[in-house]
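Below is one structure. I have some questions about it.
Letters A, B and C mark the chains as written, and numbering starts fresh at 1 in each.
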Amino acid sequence: MDHFPGTHWGKPRNDNIDAYGTYPLHAHQPRTDAFADGVQRTQQPVVTGASVLALKYKDGIMMAADNLASYGSLARFKDIQRASGDMADFQQLKHILDTLLIEQFVQDDGHKFGPTEIYEYLSRLMYGRRSKMDPLWNSLLVGGFKDGKSFLGYVDLLGTTYSAPTLRNWVWRYIAQPLLRKSVEGREDTLTEEEAVKILEGCMKVLFYRDARSLNKYQIAAVTEKGIWISDSRSVETEWAFAEGIRGYGAQTQ
Amino acid sequence: MNSGYDLSSSTYSPDGRIFQVEYANKAVENSGTAIGLRVKDGVVLALEKLVHSKLLVPGTNRRIQTVDRHIGIATAGLLADGRHLASRAFDESLNYRETYRSEPPLSAIAERLGLYVQAYTLYSSVRPFGISAILGAVDKDGPALYVVEPSGIYYGYNGAAVGKGRQLAKTELEKLKLSELTTREAVFEAARIMHLVHDDSKDKEFELELSWIGAETNGLHLPVPKDLFEEADKKGRDALDADMED
Amino acid sequence: MSPISQPTSVAFNPYAENGGTILAIAGLDFAVVAGDTRQSEGYSIQTRYAPKVFRLTDKATLAVNGFAADGNIFVKTVKQRLEWYRHAHAKDMPLRAIARLIQTMLYAKRFFPYYVYNILGGIEEDGSGAVYSFDPVGSYEREACRAAGAASSLIQPFLDNQIYFKNQVAVSGTSHPKHLPILDVLSLVTDSFTSATERHIEVGDGLEIYVIVASGRSLTELSSIAGIEEVTGSASATDRVFVIRRELKKD
């Protein structure tokens, strides 16, 4: 028995180290894991989640994501994150971030994390995990609005970070990014909400036509001074009749 | 007088009492009153913080603390012990989330705190906690209210009162139809009771602390907003004055 | 054929190559450190504006190039160490000490290196302009000029010819100058980047040129430069830092 507060008193018991609470902490030998050599870290993602597009406009930032895989969104205060990649890693990420936000909530000292603080935290987290050769297999877009300024940032499983007026992830970069850049670059401060929605809808339409992995169902979210707004699932009108006239591909008989 | 049986909480007296625990209860009895109301759609915590110096900045050294998004704690007794227990409750709440990946129900946190507080009644090397803690939450089973005492014992309540004015407060709480009150109504009752139990002639001045958890706070444990606080505080004070005139 | 079967899956690769190019040139009493602002991976441009040159103190700027995640973290860590130095000694760390600090920090990760090429430029304690260049694991030397990154193989030979006068023979009875005037240096920098932008797909979008000027040096030449901006940190600084921003082609 440990009669002295300060070793394990005041800390929740950790079953991984001392399942029966029998020894004072200083008397512990860390247990070596007999299976340590067999432990594998994520080498490739198991489930891939949604793909995401984001852009800056006059009042803040706007994102679009398809509903192909079930994925979570994080909405706390005035910022949101969308992610794609391994769903389990994403849930772990969500849990870590949630813990951080609870820590801040109970502090009750009037400080609140803005999008830039959340982004910095996530970047450090992602880089820290890649440096342990145990990456969280996701790419994240963090968008938010605070003190009259909009923010849009990207971070991936390597800890690579960057900001830009328009962002997207995975295969969408080849298709959607040129479209987005063409309509947004240099107009971030004048684009209206209607125009922004139109641009994203246009991108979603092209993506659905050209990217076999995306689904004709998606959501749009906006972050402005007023807070977060997330649309219901919507779809784009598509026209496939022209396919009849195409010759030279596939299994036509004539 | 107690023939040395009160020197350690690891020693029983011949009639089976642990005096150190009883002394801890004395520390609670001498402190400002804290109450909790479990009502129809939420929980209200109220606390009489006795201000021992005019030099203190109003609003600092809060004695009602937040444990998790949906859990609050009000302690009567030694302030430092209250801080430590709240911090422990927070650790337990995170630990529960780490294990079960869900919001902890208040019963789980009360049980863990009960075990923790009880451990400090077993050894000669430590003293028991000099606090009684009122825990309030709205969890998956609805509103919940618990009190953890220095002995480590804990009970669930509809209305709870600890500290100096607990007797009068309990009498007042018993008169209320707690299960029919809304959280907003309970804020007013809580403020009224706190003013009622405060003894102006004997006690120092006090600062009222009010917090609530309910539909109006989106299930979060938050201090009662300024305008509502002032309204409830004033009404409580006026009710007391009207009482005196009778 | 080996009887032992080879692993079929490729392990997680913790590195990426994010393109871009940096260069620095030391003058007699000034230094110029420049980098483009494009960040790319493969054929995709991630962003058109990701700075690669950073002001560390009022006498030192650092350019980083290679794996952007490592580079950004490395710069943040160097800045933190410089702040600690300031708190301990109530002055900025001298340039040659920063150079040694960087070598120590890089070598500390010898077996999991920061995949970055660093070029440090600034003013030494004796008032001379200086450039230090590093390899990813900390080998370093003081030089008059250095180019690193994607287009280093295009720019370095150009600088060798124009700064060190390699393959040039001085007119008999004269000798090559040891140091070039500041406006000549800035022209070389601009030409280096516009040329690299033409011939290398990972270079372009924007150019940031930091100029660190030793105390006492005349600023008249600099004042003629369009859009130049002073970014000196402290009002009492004797050495001064300026930045010149230019557009590069975006294709």
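In this section, a contact is a pair of C-beta atoms (placed from the backbone, for glycine too) under 8 Å apart; a residue touches a chain by one contact, two chains touch by 3 or more.
Keep in mind it's a predicted model, so treat the numbers as computed, not measured.
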item: Chain nearest the global centroid, as defined over all protein CA atoms shown; value: A
item: Relative to subunit A, chain with the most remote C-alpha centre; value: B
item: Highest-count interface - the chain pair sharing the most C-beta contacts; value: A-C
item: Inter-centroid spacing, subunit B versus subunit A (mean Cα positions, whole Å); value: 40
item: For subunit A paired with subunit C, centre-to-centre distance based on mean C-alpha positions, whole Å; value: 33
item: Where subunit B and subunit C are represented by their mean Cα positions, the distance between them in whole Å; value: 61
item: Subunit B-touching residues of subunit A, taken from the complex the two chains share; value: 3-5, 9-12, 95, 98-99, 102-103, 105-106, 108
item: Complex interface listing, subunit C residues touching subunit A; value: 9, 11-12, 14-16, 18, 39, 41, 44, 46-50, 67-69, 72-73, 112
item: In the complex, subunit A residues that touch subunit C; value: 41-44, 127, 130-131, 133, 135, 154, 158-164, 173-174, 177
item: Residues of subunit B touching subunit A in the complex; value: 62, 65-69, 84, 88, 90-95, 97-98, 101, 119, 123-126, 220, 223
